[in-house]
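Here subunit A shows up in two complexes: once beside subunit B, once beside subunit C.
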Partner chain A sequence: MSVKYTPVQWNRVKYCYDALLVAGTILFLAVFLPLPPEALGHTRPVDPQITNARAFGACAFVMLSIILMIGPLARLDDRVLPLLYNRRHFGVLTCLVALTHAYFVLNWYFAFSPTDKWAASLSANTSYGQALGFPFETLGIFALLCLLVLAATSHDFWLKFLGAPLWKGLHMLIYPAYAAVVGHIALGALQSQEVTTFAWITAFLSLGVAGLHLAAALQARMSPDPQAHAVPDPAWREVCDVTDLREGFAQIAQLPDGKRVAVFLHEGQISAISNACAHQNGPLGEGRIVNCLVTCPWHGFQYDVRNGQSPAPFTEKIPTYRVRLKGSRVQVDPVANPPGTPVPPVPLSKAARV
Partner chain B sequence: MTGAEIIVEAARIWLWIGAGVAVLFLGFGMAMVDEDADGAFAFRPLLVPGILLIWPLVLWRWGRLAMGSDDWAWRYGPPRAIHMAMAVGLSLAILAFLLGGALVKQSWPADSAPQQLSAPEVSE
Partner chain C sequence: MSEKPFFIGYAAVPTALRFVMGLVSALLIGGAAVLGYAIGHAQDDPGDGAFRFDYGRQTVTGVIELTPLPVMHVIEGSEQIAAGDTLMLSGAGKNGALPRAAALDGQMAQASGVLLQRGEIDMLQLRGGRNGLQAAAGDGTTPAPVDLGHWKLAGEICDGKCLAGAMRPGRGISHRACANLCIQGGIPPVFVSTQPVEGEEFLMITGPGFSPLPEAIYDAVALYISAEGQLSRHGDLLVWALEPDTIEVLP
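After this line comes the complex of A and B, so read on.
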């Protein structure tokens, strides 16, 4: 959570996460680099620069695959959520590894190009009309450009400046980037290898990524958050019954404008806030109340459920909703209050709590 | 100038304009639109690569925030519905690349004759 921006917001957990990331990357490269040429499908020894390029390329692909698996896995199973916590650092490291791959490629295959190396890489092969011999380099350049945009806009400043929905839209570039990476490998490195191990690894990881995303999307479609029901009074919408509420947790409902409201029960009182966290629009209603504060399940931003404000000195705010009880039915006013607006919580009557 | 050289030159110009926007925005624009950035300087160099790459978006958001025409409500509407389309598109693209790559792959017996994939370009 930001007060004044700092270059990198590290804490103990993030130090451990990053140390594991760096150690994993070094381990991958340490295993890959000494592989004998036959293991990589080469019939003759290859130059170290080519091995370097392939090692960093393979490492970037594996890292990107893992990054793309974390999101849907966390949707399917809460226990994966800790991996989501610092995924942006994972992304930045992946971008650096991919850049190193590009550096080795450009400075080897295009080292003596009379034209600019980037221009040479774009013009060396322009057979876009054929699958065999397709200029797979262009796919790699496109993916690298996407990774650069994502890594360069990963600081929390960008989230606040662009707004979470726009930021998330921009970061969906990761999907075409990953597809391009798979194309880059399938039409590039795999074409020249007689050993099928890497083809299987590529297929296993990429189809795993695709399968997990399809599974998470299907799950969201098959068990969507319930709609808030219309009631005779058009100014209100019904979310749930008081018996559905559990102390410290929320019921989520979709409102007519497509937004989601999270209705929390805290110390026997009902409050309603936006389900979208101010940070990356994480699902606050899937979090719980810790130390009197709603805690986002994605990266731990916290809000007072009665006013949608982060505790001082933090400044994040989320919209709140008016809430009322009609008998045992919980109703909200579907028009959100501006972020940080205090709303008096509604106490559960004794009868309703029985 | 070849097509590739034009692309690289355009990229260079894009980055130079981005550098100009970065100087203006980091110099005095950002503190106007984000109070958390006021007095915080150490993190600003980290934003330079992002501004170089997406400076038109920076200018657009800067304008909206500076004019106070940013509507708060849209910030709390995540684009969740797009995920299904992305997942399907990604899966189809991956399948196409894997299958396409496997189908066109040639094996390389040591004595195979060279095969021309496409006609050579005729230079005038």
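After this line comes the complex of A and C, so read on.
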């Protein structure tokens, strides 16, 4: 949570997370780069510039694959959520590694020519009509531009400036970027290699990314959030029974407009808020109440369940919903209140009186 | 609803999650090392081509022939280049030697530079300006080309300089754009045949009738292809006048 924009709001977990990222990246490169030609069975060494390009390129691909696995893994098992916490730093580091790969490629394969190297990167191979020999560099350039846009807009300033829905939509660029990276590798490096190890690793990682997303989607389809049921009074929707509620936790239901409401029980009183965190639309209903505040499971943003407002000095707000009890049934008004609107919580003890 | 530990980034990590986070961290670090080694270890042998800086500067004299790109039939060799050799010539980087050699066709010239060598393929990267190539005194004639007939061959079009060792590896689809830039810049293109032809695996290629290679050829560079053309021997160098219409990309 933030009140002002600083480059990074550091805490111990972020330090550890970033140290792990840097250590993993350095280790990958440190193992890859110094392999001597004798160890590889080569007559002469691969050019250092090409080795560098390969090492940084392969590292960026592995990093991007892991980044894309974190999301669905966290959906399948919430113990993976700590990896999601600082994923944007992972993305920025991946962009830097990919940029280094591009630097070595540009200043080796496209250098030393009468043609300007930037122009040459697009003009040297224009066989777009064929699969074999396709200008795979263009796919890499596209992916790199996407990564640069994502890295440049990764800060919470842009999240706030663009709003969570637009920001998240923009950051969906990671998927076409990843597809382009896989195409870049498949039509480039893999076409030139007789040893198939990298082809198997590429297939394993890319199919792993696709498989985990399919598994997460399948799980969401198999156990979707329940629909809020219609009741005789069209102004209300039924979410659950009071016996389904548990102190400090929520029941989530989908409303007719497609949005989700999270109904919390806190200190024996029922309140309903939007399920979407104002930060990155994280699932607030999958969080819990900590220190009297609903806490998002993704990044720990917090809200007072009675008014949808973050505690001072923070300024984030989310929509609230009117809630009532009909017998033991919990009902909400599906029309959301403006973000931060206070709504009196409904004590459980009133259940029989409505 | 669950009793599962709840992670909040800025709060103390729940004890129950510490083991999982430690395990995941170890997996990521170990995985980085394993993948770095596995991918790094899986690189193909780039071959033995190289700039032979260890030979020192080579200066030779011979007759220039434009095929249409320049080659030199060596008459007075050096320590590493024998008389009778036929050398492909190039400038620095991705620049050919034609601008300097055009006026010397059929004439004696002195060439000086660094040798690139890969197996039987030799190329001399000339020094800059007249230090690299200049007219020389003496008598010499271009050896008469020997027509070896019409051939259909399978293999790969490369740029002769990177293939000879200016880059390692200097062939394959990863190198395709670089090869195109080299050929566009006037570096002699070379065909690497899958089967030896007249005892040679490398053939310098030209367009039909020994014309410059047409641009259509760029779509076939670095691919496994078959093509037809007239083959001839120029000195000890095979030159294949490739007919672009006959190119077929092979699986």
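Descriptive notes on the structure:
Basically, the second predicted complex is superposed on the first by the 340 of 354 C-alpha atoms of A that agree within 3 Å, B and C clash if a C-alpha of one lies under 4 Å from a C-alpha of the other, contacts with A are read in each partner's own complex, and residues count from 1 in each chain.
What we mean here is this: a residue touches a chain if its C-beta (ideal position, glycine included) is under 8 Å from a C-beta of that chain, and two chains touch if they have at least 3 such contacts.
Owing to the predicted nature of the structure, the values given are computational and were not obtained by experimental measurement.
After superposition on subunit A, the partners subunit B and subunit C are seen to clash. Judged by the touch definition given at the top, the superposed model places A:132 against both subunit B and subunit C.
Of the two partner chains, subunit B is the only one touched by A:119; subunit C is not. By the document's definition of touching, neither partner reaches A:322: not subunit B, not subunit C.
Contact with both subunit B and subunit C is seen for A:194 once the two complexes are overlaid on the shared chain. Of the two partner chains placed by the overlay, only subunit B lies in contact with A:206; subunit C stays clear of it. In the superposition on chain A, A:171 makes contact with neither subunit B nor subunit C.
Of the two partner chains placed by the overlay, only subunit C lies in contact with A:24; subunit B stays clear of it. Applying the stated contact rule after C-alpha superposition, one finds that A:87 touches neither subunit B nor subunit C. Legend: residue contacts after superposition of the two complexes on their common chain; A:14 is shown touching subunit C, with no touch to subunit B. After superposition on chain A, the stretch of subunit C whose C-alpha atoms clash with subunit B is 152-160, while the remaining options among 62-70, 80-88, 134-142 or 152-160 stay clear.
For the contact definition in use here, the residues of subunit A common to its subunit B contact set and its subunit C contact set are 115, 120, 126-127, 130, 132-133, 187, 191, 194. Residue ranges of subunit C in contact with subunit A, taken from their complex: 1, 4-11, 13, 17, 20-21, 24-25, 28-29, 31-33, 35-50, 92-95, 167-169, 172-178, 180-182, 184-185, 218-223, 249. Listed in rising order, the residues of subunit B touching subunit A in the complex are 2-5, 7-8, 11, 30, 33-40, 42-43, 46-47, 49-50, 52-54, 57-58, 61, 65, 70, 72-80, 82-84, 86-91, 93-95, 97-98, 100-108, 117-118.
On the subunit A side of its complex with subunit C, the touching residues are 11, 13-14, 20, 23-25, 27-33, 35, 39-47, 50-51, 54-55, 58-59, 62, 66, 78-83, 85-86, 108-115, 120-121, 124-127, 130, 132-133, 135-137, 187-189, 191-198, 201, 246, 249, 287-288, 290, 295, 297, 299-300. On the side of subunit A, the complex with subunit B involves touching residues 2-7, 115-116, 118-120, 122-123, 126-127, 129-133, 148-149, 151-153, 155, 157-158, 160-166, 168-170, 172, 175-176, 178-179, 182-183, 186-187, 190-191, 194, 199, 202-203, 206-207, 209-211, 213-214, 216-218, 220-221, 258-259, 274, 276, 278, 281, 315, 318-319, 336, 338-339.
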